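Sharing a structure here in structure tokens format.
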């Protein structure tokens, strides 16, 4: 695959934002506070937007060219070194190149990344620039924002695991910077550090995995070499499995999976656009991307040689899916619910990828491609929906803030501790924020997997794939069962979030004064709402097929047949087991979860408040369900399990304790040891030699008689020695 | 004629006595005398050895040694005098301002 | 008669200027003469790179140090300007040599060949000659030194008593270059020790509270180790057979010429036998290594470094960490490894263990530090351990990694120390945790701190990453799962860096919490000079992070040639 | 062979003759006065000139110093010119069978060391004992008058004459007579400040201990005479291999005699006291020239006599090795904590003696045991020792001179006397620091070069030619003297501590109370310090010619 056409300009996609980074930073530093800079350039926001627009256009051009077949382009040799064979004395050149590699996986993620980066940039201009707390620092936000985009796009386009890792780390840096955007808040500074460190733990393993891979593949990390079937089959499969497992740990860290998940909820300390972009839509997908990238290894390796890794991937996914959903049950913070939801949904995709990899490795090629397609499609859907959800939540929070200011201004409310993100302060916003409520509804439905909407198509695929594997490999029943349960749980906590926010009566005075008024914000919400709804078209186009096979997959533009196929496949599968499964899943996610949520949190709006008709039905339904069920969950809410859910199952406490008590304690001990024992030895030598000096000088008594005596003794000693020798 | 070896033996005894006295006695004058004793041992030895070898140089050496001893005494007494004038003692143990 | 100095005070400026003119004239006058080596080519090393900085700095020092305090203050601004300009000359020359602007230099040399080599008779009786030259191992270090000296001068422009401070930096630079270019063991040792003297004064006169202890410790500690090394060198000297000709002693018949010794050793090693035999190789190997390990410094010989760094002035720390530590690594590669490859193979694991211990211990101790500069100093220990791992890996890749680590750390660590220096300078405190939210007051400093810290913890596309990645790659095939320890260090490094940032520039609420040592004043941001200096360092960190091949090409050629020339087939 | 007192004799010994004439001049000229001598039984008054009221010119207080310095300088110049104008050839002076003196490169080199050391000390003393009185006390007046000056330079010149005699002597007794001449003069020099307690006390101790040591040495000589019937070096060397126990006892005794002169442990005890009590230039002479004199003795006795041309003959190697290690360690350890800079320098000079003895051990090892070092290695080692002695004059004496400069304004017996010197007089402080670095052996100073050469010499013997004879080498194949080199280096590493402390005190600490003024000026002492610094740097950077000279000197011993 050699480069020609638009691919030669592909390098501009990561390059433009990275060049914009210093420009925005320095211009911002220079023109900070200048009215025209604030008004006309939006403190750098428009520069970023221009760049991101250019990137989007270029990306779309690139995507268009590579819809059917991928391509690759080598740019330059990053570094060259050599390897010495001690037996032959031959010295072999090892080249680490830089290049672009495009296949369907790239195309999909490239679209997701560039599209969402652009939209969230639009959103940011609305969100960031109207918040007085951000005065004089928005240039920093946009600079870091474009740097992040560069990292994400670069990672997607990179042609080797090495460059994947490099951009991966750049994203990590930006995540750190943006979480710590409000660095003066201790919680933000803490969260930033936590995010970086936790992902760093994963990254260490990723590096080790890469190193092992480098060694296995004779000094190559570029996809074109390592995905070559001959090369894969030539290497030690056991070692390959370990290497891939190591790399997976990196993905666990980046995608916030159990047990390295603790950083993601805290990462919500960052501004909401950051949460939307980095911690929901793009960066956390990097781990998934990495695992998906490993697909050719599994497909080409010896049968069953790598299935252990696939099982581990799926199990980690399953555990996280349920665990995150459980914790999400009790969260009151709007963004934290979404954060746990992100974790949970990413876990779904991991399970799906695990299934795909297992299937690929055990010779079920078609099923594998289906599973892979489903997983990646879910990635797409989730990114769109979750990005939108976060932006919508941002919109809510933003308006809550505004309203709070208004209320506080009018009533001299001296309420500094008002939490604009807590759902306990919201309620009944459906009529006051129609666009946001709509977007959030669609997004939630997509995440829950309400039939025909967005995520439904992909989620079904993941669940069925997992069960497909479970039929062949008993241990897989565990993750498969977990994600099935998780489907219902998703239905509950997403509905809970929506109803608590939008349905019922306003719980605070502030919530009554909320208006949707900030410019720029609705644009991405509307766009993404349509994008989410548009997913059904993609499903009918068999995008799963196209995604599942990175190079040769195809899609159909015949929507009618496609739709028929898809509907048949999902709702009237020939396999009775799968059919049953589908309906169980639908039952759980569509019926059980939402109805429980409605029973607990549903309710009518205030008198006189009227939501848009496409929202009103949900509110009406919820109030009906609530009135009819009289469900009481106070016993459960008081239980110790619920309490430990509030404590996020104590993982954070344990990790903090391990870090502060064991690691830092050990470090303090070491520092003490270093200064007292190692340096103490040196000081001991010094002081003891000073002591010796004093003692030896005491022999110079000052009396000439002693001197003569010593000389006489010396004479005697000389005699003895000479005598002895002679 | 006395066998030179007897003289050598006497010289050795004298020398040892002188050396012992040099670090055993406190009075600087006595120590100086002990040193003279040592030098006298040297003289005896030279004379005896010269006789033994039948060589005149030994006698010349002895005469030179006497000269050395004499100048040593001269200088020694001068130095002792100056310290006596200053500290009113010539006990070697008490002259120990400089030490360590 | 009552004047306290031999020279009349009034004419000193003239003398100063005159002295400088004379030295420049000397430079010009001797250029065609002294400057040409045997083949008639111009000698770009001896005078322009080594002699010029030392001589000009020496003259400036000699005159400036005689002045009383107030006149020194007046002098300091012209002197530091002059120093800065003079320090740019070696930089220009070394840069020009790299880009072939002056003459075409072939850097793709085979083992034990040197570019720009020149040799002059010096102490003939014992076979010492002034023999200088550069290769892919030394040139990056030479460039680094020429680069760091002006940057250091710029960064610490406002250091008190600049009339003597800045010339000392320049002199130090000349001595450091001397270490890297000398191809004669005696000359090497002379420069090796000569570097101690300016550094000693820098710590002693511009240091912190404990400077007395630190300066002496620094000097004695490294001196002790290097005399052992010197004994090894002398022993080696007498083990090379007698010869005659240039570089061979008229009395002893032996030679201190590094090139001759290296080629003799290589011939012996690649032949049937082992140069000097295994037993002797091992002894000499460790004798030489000891000197270099202390300089590096490797645990457990590292404790001089934190003391020296914490007490040293910013400029001293920058040069100390930037170049002086690399002398150890450079020496290792130049001498013990090249001379005694079989001993290295024998002790490969030991070298690895020392490296690993330095790496892990340095980073763990970092986490327990409360002083910013001490922490950075320990991080240097940790990073220097990486170089030992590279050497122990016995792969050109590992050697490239070690070389690049030397180079990258040479750019990054001065920046770290510049940041620490700014803390000291502007906030009068380097205690981590004694302040919060400094980013509010000093955004530039916060940015540079963030940048330097990130570069040091190995963020990709910054110079430090390349070396760390390569070291891991070279390490795995040889030592397998021990790689978890370097991996652990990667995480711990991130931990202490981030934790220290959290407790200095971050947090602090809307008002920020300046340290108590500010006595209630609003902390200022860094000065323009500091800003420019750190900016230059940052730019080069990025340049060499994104385009490592600029430096690595030369290093790679060197390591390839090195492996061809030193190691025997089937030796491992 | 030149007969003594023949015209040829005066010609070849021209430098020494100049010294003698100068000595007489210093005796006579300051005493020239207006006295007349009445011829007995007559009334004729003959002008006699000696004594009485001094002439204005001859009574000038600085005259003795100038005469002394001029004499020393003239003699030194004669030596140097004689050495370098190409006319130099080896001469022996004696009568009949007996050889008294031998004028060779070795002797000439040592004479240069002695004369330059004494010359520099005399130059420095021109200021140290000033010709003009600056404090109105009787005692000082007494001290600085013409007579006192004359005494000083008479003694200085006597020391020089005695030392030259030692350098030239080919008969052990002649050597010893010269040694006594020089020693007796130094005893008086040490006690020169008899008015102060320290001066007189130092004199007493140095005298007593030195006399005992020379008594022991003389007794050793007499035993040697008893054994061999001659004290001619040639005869002793020739007969040594067949000698008996008596010779070995004698050797031990002689070793003590010279050991005191080089201040080897445990015969060094008087040295710190003497250095501390004496004025600094004199202490400098003791630490350089006097030590070199002892080294001549050691070389003559150990290397020339007790090292005949058969293997296994140097019975003294182990003794000397032990002595050297003890000496250097003792000196360094003791100096570590010493708070008196003069005592510190004294201890450091003890350590330096140890270094040189270690080198001599290596020479002995060359003829002892299984070593198969090439024959010319002994010359290399001796050349190293000679080089060390030469450069020691530059930096050791220089260091004492700086202390001398401080003594001009008060004492220099506390470390704090040096404090703040970097501020008070940066040039002198820099000089002192350079001397300290040179003493510590930091390149590129002369001290490094000398230490380097000494170690190289030791190592050369330690390594020998094992590389050519054996393929696979082990550390055990090195001769044990190699470990002396290690000991030497470890010691010199220890020594850095106290040398550096001087630098720290000078540059870091504030000046003492009452010492804030600039240092006294003193042209000549400053010039000598400058000269020493230049020599320290110059000989370090390009000591090639000096190494060659030393090597030639070593070769002229005809060891091989």
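Per-chain numbering from 1; labels A, B, C and D assigned in written order.
Following the convention adopted for this analysis, contacts are C-beta pairs under 8 Å (C-beta built on N, C-alpha and C of every residue); 3 or more make two chains touch, one makes a residue touch a chain.
Quick caveat, the model's predicted, so the values are computed rather than measured.
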If we define chain centres by averaging CA atoms, which chain lands farthest from subunit D? Would you check?
A
The larger set of C-beta contacts, choosing between B-D and A-D, lies at B-D
Rounded Å distance, subunit A centre to subunit D centre (Cα mean)
80
Between subunit B and subunit D, what is the separation of their C-alpha centroids in Å?
25
Between subunit D and subunit C, distance of the C-alpha-averaged centres to the nearest whole Å:
42
Among all residues of subunit B, those touching at least two other chains are 19, 22-23, 31, 92, 95-100
Residues of subunit D that touch two or more other chains sit at 204-205, 208, 212, 216, 272-273, 338, 497
Counting only residues that touch at least 2 other chains, which ones in subunit C make the list?
none
With touch defined as at the top, which chains are paired up in contact here?
A-B, A-C, A-D, B-D, C-D
Contacts from subunit B onto subunit A in the complex sit at residues 19, 22-26, 31, 92-93, 95-100
Show me the residue ranges of subunit D that touch subunit C in the complex, using the header's touch definition.
379-380, 383, 424-427, 430, 437, 440-444, 448, 452-453, 455-456, 459-460, 462-463, 467-468, 470-478, 482, 485-486, 489-490, 492-493, 496-497, 500-501, 503-504, 507-508, 518-519, 521, 526, 542-544, 547-548, 551
Where on subunit A does subunit C make contact in their complex?
29, 77-84, 86-89, 91, 94, 162, 165-167, 169-170, 173, 176-177, 180, 183-186, 188-190, 192-193, 196-197, 200-201, 203-205, 207-208, 211-212, 214-215, 659, 663-664, 666-672, 674-675, 678-679, 682
Contact set on subunit A toward subunit B in their complex
697-698, 700-706, 708-709, 712
Partner subunit D, residues of subunit C touching it in the complex:
1-6, 65-66, 122-126, 186, 189-190, 193-194, 196-197, 200-201, 204-205, 211-212, 215-216, 219-220, 223-224, 227-228, 230-231, 234-235, 237-241, 250-252, 273-274, 276-280, 283
